[in-house]
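Both complexes below contain chain A, partnered by chain B and then by chain C.
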Partner chain A sequence: MVVKSVIIRPELCVGCMQCMIRCAEAHSESGVLALAVSEAVLAKPRIHIGVGPELRPFPNKCRHCEPAPCQEACMPGAIRSDIAEGLKIVDMARCIGCGMCGMVCPYFAIRYYPAAQVAGHGAVAIKCDGCHERVARGQVPACVEACVTGALAFEDVNRHMNAGVNRLANAALGVTA
Partner chain B sequence: MSKTDFSDLTICKDAQQMLAKAREEGVETVWDRKRAQEPHCGFCELGLSCRNCAMGPCRIDPFGHGPQRGVCGADAHVIVARNVGRSVASGAAAHSDHGRDLVETLHAIGEGSTTDYTIRDPEKLARIAVELGIETAGKDTNALARAVSERLFEDYGIRRNSLAFIGRAPQKRRDLWKKLGITPRGIDREVVEMMHRTHMGVDNEPVNLLLHAARVALSDGWAGSLTATELSDVIFGTPTPRVAQVNLAVLKEDHVNILVHGHNPIVSEAILAATKDPGLIKAAKDKGAAGINLAGLCCTGNELLMRQGIPMAGNHLMSELAIVTGAVDLIIVDYQCIMPGLVTVAGCYHSKVITTSPKAHFSGAEHVEFSLDNARQKALQAVGMAIEAYSGRDPKRVFIPGSPVPMMTGFSNEAVIGALGGTLTPLIDAIKAGQIRGAVGIVGCNNPRVKHDFANSELAKELIKRDILVLVTGCATVSTGKQGLLMPEAASLAGPGLSAVCRALGIPPVLHVGSCVDNSRIMSLCAALATTLGVDISDLPVAAAAPEWYSEKAVAIGLYAVASGVFTVLGVTPPVLGSSVVAGLLTNGLEGVVGATFAIEPDPCKAAELIDARIRTKRLALGLSA
Partner chain C sequence: MRYVIVGLHAAGRSACAWLRRLRPDASIVGVDPEAMPPYARPLISYVLSGELEPGQLNVEGPDFWDRLGVRVVSERATALDPDKKILTLASGRQEPYDCLLVATGSSPRPAGVQGSAAKEIHYFRTRGHVERILAACRPGGSAAVLGGGLVGFKLTMGLLARGMRVHLLVTSPQPLALNVDERVGAWAAEQLAALPNLALQTCVTAQSMEPEPSGGYRLTLDTGESLTVDLVAAGKGVIPASGWLDGSGLACADGLAVDQRLLTAAPEVYAAGDTAICRDVALGAPRINAIWPLAVEQGRFAAWNMAGQDCPYPGGLAMNSIPLFGRHVVSVGAVNPRLTRGCVSEVAEDRQGRYLKLVFDGSSGRIVGALGLDAAPRLGELTWAVRRGLTRDDIPTHWRRAPLSAAPLAARTEWLAKAAGL
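What follows is the complex of A and B.
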């Protein structure tokens, strides 16, 4: 089975942050930007734009590692593999907000905020859930849909690599594609 | 890309057929470009992006994760308010600069420096002179034209600090503006001051910014636009009711087809005159055409429609599709709402695009510059170019869909009052009796983000059903006209009270009152009603709606309506939701300040309910039946 994932090409990113705003929208209660910005507990983005040399933008999100250091560090077992295939998803009801997952995440992909889904809890771990509900509905992840430059793509990683080999071959052999 | 059904984009059959033709012929339209732009910028949709200075650009994160202040320190409320302010300034500037061109024309007529234009309604000029306190005794028409234009030039300056027509607003309203410090002082002044205030480091209090935005808008509604309307009537004639036609079928396969597009009648009236030139008609016939056919698009189309009964080919979103018929030989434009994409679409056919204003050049179009002393000659030249272009028409690519729909037009305030026997009393009596429960102006544009013509026409249908008289201007005219609502027969769709009034007077339940600057006619009518009744405009059972608005001009119109006391429903969400302060003030807080607010409601049925509830409240407060 081909599993698609979000593939990032930082060289195409212009730092517009549309992925962040649409990610938060997609994870809000209403799912509609105009309403989402006035919800009692604001949704938060799960993709972030870092800043590199010469202010070059760097989109960054959870890689859904296997094995996942965050999952191994999570004592209440809140980071689950059994919700959607290939994804590490935070079960907010189990999360105690201890911060261990963030400490061990090699990609700094986790943030801590109160969430509308567990009203009354303190801050819980907020990270990419692969937009598994959108994908199940036949949509692409919200960040990918928002990206106008192609810096984020939703595709089979092996096909992406194959296409990359062709680009490399063209460059190496001096042929313009 | 085999899409053939376009009913999700537009309710109009002619538009659907042209979209299919465009798709087949590989022609990109506004809808294709809109799709390519999606998703739109979320920060911009909320009004949370700022490009006013080079320390940025800045964005505020509406979800509270990222930055909450721009580099300068402005928060979401300041940024949203500044952006609204600049939109209003741009919209007011557009109307008011259009008005200025008419003041200059009137002045040139008075000076005798143009013979290409004359004064067709000298009585209206004299009435305006009296209204402006100008001594009329012993002055001929040209002297009056000079005196009136010189007084109106002052509206564009800072010498007087008061506007010529402001006395039309009811005393109570003027007192309120004075109390709030939003009485407009000068047309250009308010716009310039808004650009100043929104520069970095000037006005950083959102409520103060919005109050000035209201003042800018009022300088449009009670001066810039009003001047454009009144002087257009003076120069080109005050409209009277007549029947014309609408939709793409007003184009004629066997004629040279010329479309006028833009806003100012100065160009379109000159073109109209040139199409009647016997030499040019003969030249067209020599090329094998049966004659020269002129039709309008957008507001300059409305200007010719109102005064001359020239047919309307379509509204904003129809402008490219008109060219897709393959039957348009020449499209002549001045300014505002002319999509640059029009030139590209025209390039896919034999159609020629001619620009006329030094303010509005378009890459790829041919420029024939019109001025007050050459308009006649340039118009003849342009029509000659249309005849030349006709020779290049490919008959195999011509497809004009359907047949034209008749529509009644020409309901200037003078015509309405004339039809009522010279006073507003019969209208007031009908309102008091509940035959006409209230009146609503449906104004504004089309927007590809909502289904073309759907909300404009559905709202009109919903309102007339409820015995609410509808007045239309601008692109909403074509939306409702194409649905047959601008004919007296549409009385059968109205409630019993309105229907009876329409039948008695032989008028439609939806009245065409002009172009977008002619929204000033609606304000003047509201003012006259309020003054007659001894109340404020905000006490009247009236409302406004812009169900498919897109332009900054619509923002200015909406705000001058609200600041004048008219509840206004917007069908497209303006970019203000990023600030709870600004959104709250516009949709709620302003009620306690100016006696009216905006509402945002894309569903025309729900919008009609909101308006109905408003009218009910206002009627009860006046001691009338609901």
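What follows is the complex of A and C.
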């Protein structure tokens, strides 16, 4: 079975932050950057470029863990795994912004902002939703589409893992391809 | 295999869900007088404040247990015979088991108030409790809240939102004393003191409660003062609901001691949640941390072990997330002054008043706690760091210098390797 996911190769990231902009655009009301910047509630990115080891840029987003600590900590059951396969998605209508999910996420992947989708609700948990609606339409996630260096790729996880294992084995055995 | 789960809230529900995944054909029986429909107890504070409707407490539909294939017995468990492997219920009915989980949670700690009206003190733990408080609330009325911890704080904010005048009586020198440090505690006290309709008194304990002839209650304090109020509610912490196990040879007054696999002293009897005394990773000692995420997590580990896997529970730690006056306080591990003597702390702050404090053990340098004001999302990493036993040297300078923009600590591959035991 092919399970595609956003794969991050931090060593290829140059810190241009285009992924953040396109992510916010894709999650805006209009879905168009020129209009998104003047919406009443600004859409926020679900991917962030942090300062990583050796001060290099590090793209950071939700890993959709299984089991997911955020989902276990969520008291109103707002973090759901039944919306799209393999993804943990925040049901904003149920989110009460209590902060429990952020308290247990080891990856700093959840932040809290007001969202246009639940106007008047106060801050809610905002995190990567895998662009499941775009993917269902046959597109790739917005951050991947924006990335020109290949630091973000939408790939079959198993193929990626196999390639990683091969690289590791070759390195360990001193094999050069 | 016949599994019996006693208590169907956070830990019990999690255990049932995982057992069903791992053992699709097993017989699972859930015992809980309050199982239908499943609801999230911590949300009652949102119902009191009017942010949620009572119906929004439900986190699953009424057919949840049927869909999961769990037969629910809506009764209280009264006794356990671990030798014969039989659970006895309030009606006298007996449920035999092959493997049993005690997840009966906890009960409110009695407020310790004397007097003929003390039995009318409202506690705040279940759906029934919040319904009774709402029925007793009246705008313009007065209330006394006993306890300045999280529950007392939420009671206070909820009653204020319902239009009542509130006397918050705190035994400690500051509110939230167990959850925050002096600085955040002082800030919270300042904010509370500025609220209209709230009178905050610290270093004070209610001693007795008597009915007033004209209605309401007279509360006498240890300072000699007395208050006349319409409603008294208490949030003085919780005690494990393990009294029903007296006579089983298992219980102790402070909860059930468990091993790394969450197994009690009796074979095939596991415990999880507010009744289970597990190792606290911050303090390095056995302790009950009666909080929702740990109960759900322990339910999962218990299920894995009950299903025959060997999954040692890594240990729990105190953690709390508190929306407070438009800001967000998160505390993890040991942060209160009583527990952090001999520790070294490091504080990062910015112009917006965002505050992050890391607490390190004075001798080993291991991180044992963290406290954040509006640094909420970052605290998850520090929970991870405390659990993984990271030390001060493991946290890079750039992270400490700019904790609000640094990549996650878990991004460091050597830590991932350390976590995986490589």
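Throughout what follows, the second predicted complex is superposed on the first by the 161 of 177 C-alpha atoms of A that agree within 3 Å, B and C clash if a C-alpha of one lies under 4 Å from a C-alpha of the other, contacts with A are read in each partner's own complex, and residues count from 1 in each chain.
Heads up, the rule we're going with is that a residue touches a chain if its C-beta (ideal position, glycine included) is under 8 Å from a C-beta of that chain, and two chains touch if they have at least 3 such contacts.
Just so we're clear, the structure is a prediction, and the values are computed from it rather than from any experiment.
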Figure out whether A:Glu25 sits in contact with chain B (first) or chain C (second), or with both, or with neither.
first
First, second, both or neither for A:Val140, with chain B first and chain C second:
neither
Does chain B (first) or chain C (second) touch A:Pro69, or do both, or does neither?
second
Between chain B (first) and chain C (second), which does A:Tyr107 come into contact with in this model arrangement: first, second, both, or neither?
second
Is A:Ser38 touching the first partner chain B, the second partner chain C, both, or neither of them?
first
Of chain C and chain B, partner touching more chain A residues
C
If you stack the two complexes on chain A, which partner ends up touching A:Ala115: first (chain B), second (chain C), both, or neither?
neither
Determine, under the contact definition given at the top, whether A:Val124 touches first (chain B), second (chain C), both, or neither.
neither
Between chain B and chain C, which residues of chain A are contacted by each of them?
111
Across the complex, what residues on chain B touch chain A?
39, 41-43, 45-46, 59, 61-66, 573, 577-578, 580
Chain A residues touching chain B in their complex are 16-18, 20-22, 24-25, 33-34, 36-38, 42-45, 111, 113, 145-146, 148
The chain A residues in contact with chain C across the complex are 10, 50-53, 55, 58, 60, 67, 69, 72-73, 75-77, 96-112
Contacting residues of chain C [partner chain A, same complex]
14, 40, 42-43, 46, 51-52, 56, 59-60, 292-293, 296-297, 300, 319-323, 328, 330, 332, 376-381, 383-384, 396, 398-399, 402, 405-412
